[in-house]
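Structures for review follow.
You will see chain A twice below: alongside chain B first, and alongside chain C after that.
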Partner chain A sequence: MKTIYLALKYLAILLWTSFVALPFLWALTTSFKTANGVTGGATYIPWLQYKPSLEGWKVLVRTGGQGIDIVGPYISSAIVTLSASFLSLALGTLAAYGLSRFSYRLGFLKNSDITFFFISQRIMPPIVLAIPFFLMLQFLGLLDTIPGLILVYIALLLPIATWVMVDFFNNIPRQVDEMAMIDGCNPIGAFVRVILPNSLPGIAVAGLFCIIFGWNDFFFAFTLTFTKTQLLPVAVVALNSSVTPWWSLSASALVSVAPLVIIAFFVERFLSSGKMAGAIR
Partner chain B sequence: MATIELSRIAHTYEPDSDEPVYALKELNLVWNDGGTYALLGPSGCGKTTMLNIISGLIRPSRGNVLFDGVDFTDLPTSKRNIAQVFQFPVIYTLMTVEENLEFPLVCRRMPKKERSRRVREVAELLNLRDKLKRPARKLAPDDKQMISLGRGLVRNDVSALLMDEPLTVIDPQLKFEIRRKLKQINEHYGLTMVYVTHDQNEAMTFADTIVVMNDGEVIQAGTPQELYNRPETTYVGYFIGSPAMNLIDSRYVDGRLETAGGSLPVPEGVSIPPDVQTLQVGIRPKYVRFTDATTPETLSGQVNMVQELGNSRVVTVEINGEKIRMKLSPDTTIPEREVRLSLPEEHICLYADGVLLCRDEDNVCLSVPHQPGSEAEPMG
Partner chain C sequence: MALVLQNIDLREDGIAHLDNVSLEFKRGRLYTILGRTLAGKTTLLRTIAGLQHPQRGSMELHGQDYLDIPVWKRSTAMVYQQFINYPHLSALANVMFPLKRAGMSRDKARRRARAVLAGVGLSGFENRRPGALSGGQQQRVALARALVKRADILLLDEPLVNLDYKLREQLREDFQNIFKGQDDAIVIYTTTEPAEAIQLGHEIIVMDEGRVIQQGNSLDVFNAPTTIRCAEVINDPPMNIFSGTIDKGHINLQGDVRLPLPSHLDQLSEGPYRFGLRAADLSINGEIESEVELSEISGSQTILHLRGGIGSFILYEEGVYQYAIGSTVNVSLNPDRIYGFSVQGDLVAAPAPMSKQWR
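Take a look at the complex of A and B:
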């Protein structure tokens, strides 16, 4: 009975792992193939089944007018994602602290309604927002620019940051703030000196979400830019021309996933280090 | 150091409601400089609310908080010279014990040298000396509570130390030790201390003045002896002392108090108002005695139950349905069934509609019929 249970357990894990990992393996092998390698069915083992080549990787960096340059979009994407994430985190954390610790009244609206308002921004399908965003950026003259994209991404990421942080602050006992104020901090001092250092795990989680959503967004990067500014997801998809270069498409996909994997790895390490235990009791 | 006065303070947590429930009904209290006070009352009676009003964590719905006569009602917590210890220890998890103790001084921009001198002094006092460099979150709950307390003590500007059931997380053995230490600190620094508890023993051993609260009102404030011997209301009589005060229903007939099983003389100096609804004879269990006399002043009844408490025994005597408890020394011989009890007149408290009828010599009594919050109740 126990062996059957174990076997089933490992089978399930194996199935799920394959489902998650095989696309990456597929992309990895494909990125080292040439046009010949990708025709005639799936092959996996280099040298034995196909002749590996660095062709797919080489074209990613434009050298002397050759290749397709994803370095530019990569940098643009990094600037947009990091700035939008940073600003969303900063604003979201402040908003969340206020929503968690003070009572606001706006007519019949209370704190929970305001929090819901933040989250509700993400309930609409993005397509609904496309036209308003387009018109607003046009009005501001920020279409097809990095600052314009940063603004839009803040609108998308702020709800996530606020939502995660409200929940996190609600779990930090109020007595910690009160104690800090008794010890002589004003409310802002209590926030900066005591609550913020204790909130790093929450900020890390919120930041991770922001970076993932920001980095991976294709829809707004696509609809709000034309020629001057190009973000990475758009650049990768743009490789898809009449003849799809599967090898460089795979290589660029891997390159664009890499930073998220690295960040997730460190954030996970940081979260599991258990710095949060025992704030009270 | 300061005398803290609560003037016509009242607080509700639902100010927008049409009929708000008051956590604290209008009251006046004075905390004298250097005194030790215990706020005693059941959970939810407004004790914590009162502390938070003093420290400024809550702004009272009505009334003023005065420190040495100066109105502090609108002053933020950080500007008041109040230290507070909560029921559960609050520590700054990412800091060491030393940094925790130092924190209030850092907030006040005290020079480093002075800081470490004071931290060492307080750490010595609280037995935290050899734990200074350890991360605060790794300490046991009682040590964490010592840190909470220590953060109050390092400051040299503290006028009062407020403690909200601070020993909940601490072993009974250690509780005694810490209470003694708090007393020492009170004597040494002359710090006003307000100690919230629902444990009467804790209140009795710690405080010079006990303030009994119930349902958002101050019922009585006085020394432990006053509260024990002359409870102003039946509630205090019931709440203070273990076992609780005996309360025997009686009727005023022909100048005597008719009770179950006998009739008692009216205690000297007490006059009974004409329109009394209920009249109760109150007496502490330790003053009730067996007697052989069969005068009308003695009550006859049957022994119902004997509880051994080690250093004493509690005997319950049933008199026509009324139960009277006696606290006797363990070597007292207890008659088999029929007993007569004597209730010494000098220890009898007479309650009209739940409020003590004063004798001439009573200094605990208010000059007017008891109406909580209707006038200042100076203490200490």
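Take a look at the complex of A and C:
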């Protein structure tokens, strides 16, 4: 019975791992194929089943003629995502600390309602926000610009940062803030010197979410830009033409996902639980 | 030079956490606030620390208004019943924290913090983070952080309650020495345990439902609790209270129990009273038939919860014995140790202090 259970367990793990990992494997092998290699049936082993080629990767940095240069959009995406994530995190952390530690009341609205109001902005479909954002950026003269996109992305990422951090701060006992104040910190000092250093896991999670959502957004990057500014997801889609270039699409997919994998690898060390162990018993 | 609280009222959601509290704490003395859970002990400490603000009343330290001073500017140190430390800092950095906030140089702060950590028995643990210390050691770090400030007021809110029995005993003994180094401070210590309050000595303040119900030397309060409520709080297990009358030189209790009137009660006029008797002043060698409702072993004593004609009561017996629930025992009451309270619950006569027990 135990053997069957173990077998089923590992089978389930294997199936799920395959489901997650095989698309990457497929993209990796495809990125080194030529048009013939893709159309000639499913092949996976380079040199044996197909002749590897760097054609798919060359397309990504080619300017003019065939292909598209993704270096520019890559840098633009990095600037927009990192700026918006940093500002959202900074503002969201402060907002979350306020919502966690102080009581606000506006008519019948209380802290929990305000927190829900933040996240409710992410509940509605993006298309609903597209027109107001378009009009606002047009009014500000920021359409098709990086600052305009940063502004829109802050509006999109701030709720995520706030929501994650409120929950995190709620789990840090208030007595820790109080003790810091008894030890001579004013409320801001208590936040900066004691609460913030102990919130690194929460900040890491919120930051990772912000970067993932910002980096992967296609809809607003597409609707709020035209010719001057282009972000990576839009540039990747622009690779597509009458004949789908699977090889360069695969290469661009790997290039797009690479920074997130690297960031997740470094952030993971902050995510381990137990950072607050020893604060209170 | 003292901390003076006058007519402090603090209410939250219609509940009085502090009800007209007036107290004076003198420098260089240790005050133990004794009371049950929700008696207002923690609220009182938090109010002194500035973490809660009373709706009414005044607070002065050394003759100057203390209520309007923000928490971080008060000369107060506090140890919570939970061991609160800064988990991102080492034990040494935790203890240095208040000194650095006060503007002390790093070297001086480090020297003083090391000395205080050694004083609480944590030499060699300076570089460990709180998460890597045991519960007792964590509380010692919290204590060291409070002591290192040399604040005017040192507040200790049931600092031993979350420790196991052995550690509690050990730290309680250490406190005697630790507090000796705080001669200039007002030390206020809260507890729910009467034995702890009496062991720490000095002055005891008994609180109940946000009010101060008695204050005085710990043995005086123990020997002469002014009300039934105070008698219940200052004794563990709580003092047994029986209703009865004084009539023709006798105490008549429920269930036709008749005791000779002891000399310390003979000046009382005849009439209804309530009588108090500590659990240790009943014994199993008498004629009052009682049923065992619960039997507990505490250390080397047996605590029996009994029900008889005189009502429900608790008996404290030296030695470890086993009693079956529902079994019957015959109990006697020591009339010489009976406290007389009015029907309203105020002390009217107390037995002579037990000098033998409290030598």
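By our rule, the second predicted complex is superposed on the first by the 274 of 281 C-alpha atoms of A that agree within 3 Å, B and C clash if a C-alpha of one lies under 4 Å from a C-alpha of the other, contacts with A are read in each partner's own complex, and residues count from 1 in each chain.
Basically, a contact is a pair of C-beta atoms (placed from the backbone, for glycine too) under 8 Å apart; a residue touches a chain by one contact, two chains touch by 3 or more.
Note that the structure is predicted; figures quoted are calculated from it, not measured.
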Side-by-side fit of chain B and chain C on chain A, or clash: clash
Which of chain B and chain C A:179 touches, first, second, both or neither: both
First (chain B), second (chain C), both or neither touched by A:110: neither
Touching partner for A:9 - first (chain B), second (chain C), both, neither: neither
First, second, both or neither for A:51, with chain B first and chain C second: neither
Touching both chain C and chain B, counted on chain A across the two superposed complexes: 173, 175-176, 178-186, 189, 194, 197-198, 275-281
Sites on chain C touched by chain A in the complex: 49, 51, 70-72, 74, 76-78, 80, 82-88, 97-98, 101-102, 129-133, 135, 138, 145, 149, 162
Contacting residues of chain A [partner chain B, same complex]: 173, 175-176, 178-187, 189, 193-194, 197-198, 275-281
List of chain B residues in touch with chain A within their complex: 55-57, 76-78, 82-84, 86, 88-94, 103-104, 107-108, 137-138, 141, 144, 148, 151-152, 155, 169
Residues of chain A that touch chain C when the two form their complex: 173, 175-176, 178-186, 189, 194, 197-198, 274-281
